[in-house]
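Should a chain be cited, it is by its letter among A, B, C, D, E and F, assigned in written order, with residues numbered from 1 in that chain.
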Amino acid sequence: MLNKNIETFIACDKEYSEADFILWGAPFDSTTSFRPGTRFASSAIRHESFGIETYSPYLDKDMENDLMAFDAGDLELVFGESEKVLTQVEIMTAEIAKDGKIPVMIGGEHSLSSAPIKALLKKYPDLQIIHFDAHTDLREDYLGNKWSHASVIKRCWDMLGDGRINSFGIRSGMKEEFEWAKEHINLHKFNFLGLEGTVTALEDKPVYFTLDLDILDPSVFPGTGTPEAGGVSFEELRQAVLLLKDLNVVGLDVMELSPHYDQSGASTAVACKIIREILLTLKNKPSSLNIK
Amino acid sequence: MLNKNIETFIACDKEYSEADFILWGAPFDSTTSFRPGTRFASSAIRHESFGIETYSPYLDKDMENDLMAFDAGDLELVFGESEKVLTQVEIMTAEIAKDGKIPVMIGGEHSLSSAPIKALLKKYPDLQIIHFDAHTDLREDYLGNKWSHASVIKRCWDMLGDGRINSFGIRSGMKEEFEWAKEHINLHKFNFLGLEGTVTALEDKPVYFTLDLDILDPSVFPGTGTPEAGGVSFEELRQAVLLLKDLNVVGLDVMELSPHYDQSGASTAVACKIIREILLTLKNKPSSLNIK
Amino acid sequence: MLNKNIETFIACDKEYSEADFILWGAPFDSTTSFRPGTRFASSAIRHESFGIETYSPYLDKDMENDLMAFDAGDLELVFGESEKVLTQVEIMTAEIAKDGKIPVMIGGEHSLSSAPIKALLKKYPDLQIIHFDAHTDLREDYLGNKWSHASVIKRCWDMLGDGRINSFGIRSGMKEEFEWAKEHINLHKFNFLGLEGTVTALEDKPVYFTLDLDILDPSVFPGTGTPEAGGVSFEELRQAVLLLKDLNVVGLDVMELSPHYDQSGASTAVACKIIREILLTLKNKPSSLNIK
Amino acid sequence: MLNKNIETFIACDKEYSEADFILWGAPFDSTTSFRPGTRFASSAIRHESFGIETYSPYLDKDMENDLMAFDAGDLELVFGESEKVLTQVEIMTAEIAKDGKIPVMIGGEHSLSSAPIKALLKKYPDLQIIHFDAHTDLREDYLGNKWSHASVIKRCWDMLGDGRINSFGIRSGMKEEFEWAKEHINLHKFNFLGLEGTVTALEDKPVYFTLDLDILDPSVFPGTGTPEAGGVSFEELRQAVLLLKDLNVVGLDVMELSPHYDQSGASTAVACKIIREILLTLKNKPSSLNIK
Amino acid sequence: MLNKNIETFIACDKEYSEADFILWGAPFDSTTSFRPGTRFASSAIRHESFGIETYSPYLDKDMENDLMAFDAGDLELVFGESEKVLTQVEIMTAEIAKDGKIPVMIGGEHSLSSAPIKALLKKYPDLQIIHFDAHTDLREDYLGNKWSHASVIKRCWDMLGDGRINSFGIRSGMKEEFEWAKEHINLHKFNFLGLEGTVTALEDKPVYFTLDLDILDPSVFPGTGTPEAGGVSFEELRQAVLLLKDLNVVGLDVMELSPHYDQSGASTAVACKIIREILLTLKNKPSSLNIK
Amino acid sequence: MLNKNIETFIACDKEYSEADFILWGAPFDSTTSFRPGTRFASSAIRHESFGIETYSPYLDKDMENDLMAFDAGDLELVFGESEKVLTQVEIMTAEIAKDGKIPVMIGGEHSLSSAPIKALLKKYPDLQIIHFDAHTDLREDYLGNKWSHASVIKRCWDMLGDGRINSFGIRSGMKEEFEWAKEHINLHKFNFLGLEGTVTALEDKPVYFTLDLDILDPSVFPGTGTPEAGGVSFEELRQAVLLLKDLNVVGLDVMELSPHYDQSGASTAVACKIIREILLTLKNKPSSLNIK
């Protein structure tokens, strides 16, 4: 007797009850202003993940042995209904957090990140954000839409307030956004300068890590809606991820792959590999976190 | 002294005041459920229209001499805000209709068609719809979203009621939609059988013509979000358009080209050519229409 | 508590025990002589099947209600090892046939078809073949390789002998193959002329139906390794499938989609739709077959 | 000891001295007004020709046994220098004609066709032209350039005068071109209606056959610079070619494939197959022609 | 009443009379020897420029407030007529220079650069050239064509003579070109070493800046006709541009994007961003230049 | 009288008898586990090589004058028959080596490399291997197939034993492979650290150089079956090749380009340029080698 076809991100096939990390896909791109397509990311990442190995020669760890992860597949999200979708994602995250596990969202457009942050903030009132991105994402709204992916960090600030958002790699935005950031968040332009200090400052706090993959240079990662020249290399990103290893990361997301824009598949492969490195780098259980 | 760069659909460069047809682009695809990309259609159509001639050897008419048309460019529509966008389109259409001109929307996703129909219904209470499409578009909602492109004809029915919508070429939908259609609209499956009779029946009534280009077979028109095998040929569509020549068409749209899915450009060229044929076929002025 | 991610061809999510049709993917293309890539077909078909509806307006049947089907996912086949792979497929088919169900293989290269035929021939010694294809596939070997996809029908003949293979739509091959065919199989060139007679002749016999999708014209189906101009239309293929409705089909396959060669996705959509039409057309249970 | 790598169109590997047909590539596209790329055609056709068979089941002839053809490779043509290039092609053609062989040019843009016609007109003063195309190509000049590919048939008329050019399949052009054609050439719109009569009328005259592949519908042949909807099918073209079998064709060309615009390769495969059918259809030797 | 559709490079929508920089597109690629397609660059750059912001976080300047620029659209250039085209470009440039504004040409193939240089040389007899490129472009002719894009710097030298051309980043050419360069121009291989000294030496002279974008590594900029491995990074190019800030640049061009070869759009985005950085870096008015 | 069309890698058109380097293509990819397509590499490399120059400004050498090379074209290899194919390649290599020339294989999948190594080991029993790659390629077998491209270095070790294989750039593999490597081969992770020492140690020994191009970062070289982020740059690879200049290289290969996955052509251009640099760097004649 045969079994139904199960598809997961590579080696994320443990049982839910025993897993530390719970991945799910969030195929949604309705507010994307320039070029849509991130809806295809989670499925492509899951499928192409079998092109990489489970073992990291950087970390000398293997997903098969050193990681307990579970992939719940894609949420069914209604295109064109931002608020409904954000609620769905928030409920999903809350459920996972309640079970003592770490939620890992694979986007999808960046606007979705405010939903798991909203859910986790209830559990961790002192939640801090580490944000890797090419773009400020600090618009109050985009042509009147406050749920746009260009506004997501502003929406997070609405919830967290000053001084708790730490952005790195930012190389594009309106002048007003950069001005506003000076007063309200810790925005680091162009690269990861300052990340070590940030990690030290946050080491006993609960942290949400949101990774907009367009922080990477378009040469490394052309598969994204808004390619922005002058980004970091894969190696720079990998080493920045490594710096996060002692943080108490209670949730994370990896957003904004738009796989159809890179028909070589290299962008998807980059996404798969950085997800592997993140999962193998982070501490496994929120229950073991040193959160004061 | 140089002039600013003006770009229009080929030969749609008359002055607004003297034009009969007013074209505009509606770059919006936020509710598209399968593959987005129709937002790029109006710009691609405008740009690639210079690959066709202004003269139709089928009709022996030339857009330069036999047509007064004006291209207003693209509306700036907010992604992810269906209701706001529909209002924008409705206002645009109403303004054009008020000036005694025929609105021609180049989409964009099909959900937008309910907006010009809403505007024109105020001017023409007896408005009838001719609808060419592969899909029924008769869902009450799609996962709760009643403004989905899968619901647009149902939204039109909400406004018009029974017997005033005439669909042709339909080859995909839920069983329930086909069942419902039997009672409420004139749905013709697979091809244009019955179009001549419909035209005769509508000849003294105001008609809105909505063309979802995916009525064409994917071999002819692969550049669309939901390719559905078994459609009509270009020649069949062209001849069906010709049948509309004596109707009092008071507004029209051409929707659902997703140009990036056909990198040969053939789908965009098909869209350009059918727009030319439509414009050269239809009567030029609503003011000269025989509407009882 | 969340569930693991299950992915099936649309509506093929019934339980194995209650299903009549058992689908599986056979991602293998190692002998493909011109352009490989059919290994990606089964996964693409499964994924893109959600772009079509479960309801067929042609047949007025719905996969949700009128079909019991199960999708076992992809076999893990070793590239470059034809004989090992054929054995795997043969075992899979035998198991399904033993359970009284109809095996449905989604290829993959055409060479694989000899394996389910070998398995079913043991159960049905009077097995007949209906073969839709652009190519004869009658080479004794291809550069010495007798398991090449150019030899698959010859391999079937090795097992079945004269008069039991009925090929349709053939428009390419070596002169020697066409000559040989005259003596040994029922080869119909270019189209489906003669299919009605064949169906009548086979109506009380067990039949294996092997569909090489390149029978379709490349305009309809460019996503294949060896595009061969002059093929049948989708509508011609659909009507040919309809003619099979009274046959006792005990196994079938749908082969040779190479999805990457058609980046519009139209070829994959064609494959999905024809699979739906085949499944809804055929009798559901071999146990109910009129096999003498 | 190894041999240098020789590449020819399939089965066009006979010795020059014994060959009847001499093929060469003309990679030039400098005047192409819309989208260039036909420069890549001859090389792509040569390379992809190994995807078709040497045997035609339509004609029951095989290039290996029933044809003596030779492929000289590509001419080295200087981009941007139309007049120099036309002279090169003219000299090439004259040399081949002098050797009693039939020149077969694989383009490249259509403007080149005037060069072999010029060369052959010297040998055959009564030369007639059969021209298959989507476009009139009758502009006196294109923005002042009289060697544009939009002017090639006008350039031929400059040499031949009234009544000797027979165009078929024309579905695009300026109104003035269609008007002018009525007085000067035999222009048949849209399809091959009238070809039989033309063939009868020309049967004892030397004929040059120029085939612009964009006569095919873009669904069949998207790989061209100016896709023009509404063309003929492959089967219609194949049957039209068959009608030419009794003509005294003294030279021919197959132009305007732009292979990069069709990444499926189907357009190139269509070009290869129609070239095979043409070569196997035509009489082999000008020396055996019934030219009065 | 609606307005005609105006399209410009982002924020280059000031009035001509008040603008300092006048952009125009030069869609021409007829002499391109390897792969054409730069004709599509100016239109793609204009269209995709809305994917970047008007604000530069590198320079802390905003195109909206800190720049007066005007986009005149594309010149209509005749394919295949180099000399006519060069004259058109020369006249365009002379007109702009006469009005005291800085001409900015967006190519198109590099051969065009000799035309604005010819025009500006009349106004600024001491004109110097700074040339960023992968290729020497110093051939006397290419297969007899002296207006080839492989000869453009040699054509400039014909007008300027020794010591006034400063090339950087050169990593490809014939041996003879590199030898010749040693005597006649200042050629810097591979990178920007020596650029600071060159800027110092030229600081009170009128300078034309010609940027062949293929100086960038193909990983950053695959969208070009002749990808040449081993180029500079975006960051290296950006910093090189910054070094030009004190020069008296009286004209410039940005050439050789071939957008279709990079379907991710990243190459076009790179071109847009470097144009923004150049415009915001350079002094605004030739009338304010310190030219001795 | 015309000549048959000869196509070679640029400037590899010397006579066989006088050539030092003998290139041939090995179009085979049947065991490729993830994405096939390397079969198209040798033909693409040969064709696109005309986009680079014969002169290297890095080495100040020119292939026209400083190199004697011959291109034998592609071997005809049977897909799906690894052992047969390996024998063909071994015989080819042995013949070339017997003639005192250096075999240069252009792949094709990496599994083929064991064949020339087997042939050369008979001539040079002390043969050493320098191996540049992203992947360990040390699996004993892949799903039972010991001739898989994931096993090629293990197959080489079967013949050579411990300490004679020197791998560089390795960044992917199973944990077991990395463990095994510690005892048996000299595996250098991630980059070329240690290459200088290796070269010194091998300087009087016969060396086979096998280059899997996926050692390059996917940003530089997306055209490969298994893109693996974090690779070396073109410049790093070029400098590593330069280090090999004093070695006694008796055979080499350049493998794993899969050109269709990079439609920009940049990957193919990279392959062409590195082949040029390798050929111009290495000593020309094994007969002049200092092999002890």
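Keep in mind that, in the parts below, contacts are C-beta pairs under 8 Å (C-beta built on N, C-alpha and C of every residue); 3 or more make two chains touch, one makes a residue touch a chain.
Everything numeric in this text was worked out from a predicted model, so none of it was measured.
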| item | value |
| --- | --- |
| Centre-to-centre distance between chain D and chain C (centres being mean Cα positions), rounded to whole Å | 39 |
| Geometric centre distance via CA averages, chain D-chain A, whole Å | 56 |
| Shared-contact residues (touching 2 or more other chains) in chain D | 217, 219, 262-263 |
| Chain-level touch network, classified as line, ring, star, complete or other | other |
| Touching chain combinations (by label order) | A-B, A-C, A-E, A-F, B-C, B-D, B-E, C-D, C-F, D-E, D-F, E-F |
| Residue ranges of chain A in contact with chain E within the complex | 34-35, 170-175, 178, 189-190, 217-219, 222-223, 226-230, 261-263 |
| Complex contacts: residues of chain C adjacent to chain F | 29-33, 36-37, 39, 76, 78-82, 84, 142-145, 147-148, 260 |
| Residues of chain D touching chain C in the complex | 50-55, 57, 60, 62, 217, 219-220, 234-235, 238, 262-266, 269-270, 273-274 |
| Complex contact set, residues of chain E against chain B | 1-8, 13, 16-17, 22, 24, 43, 46-47, 70-74, 95-96, 99, 263 |
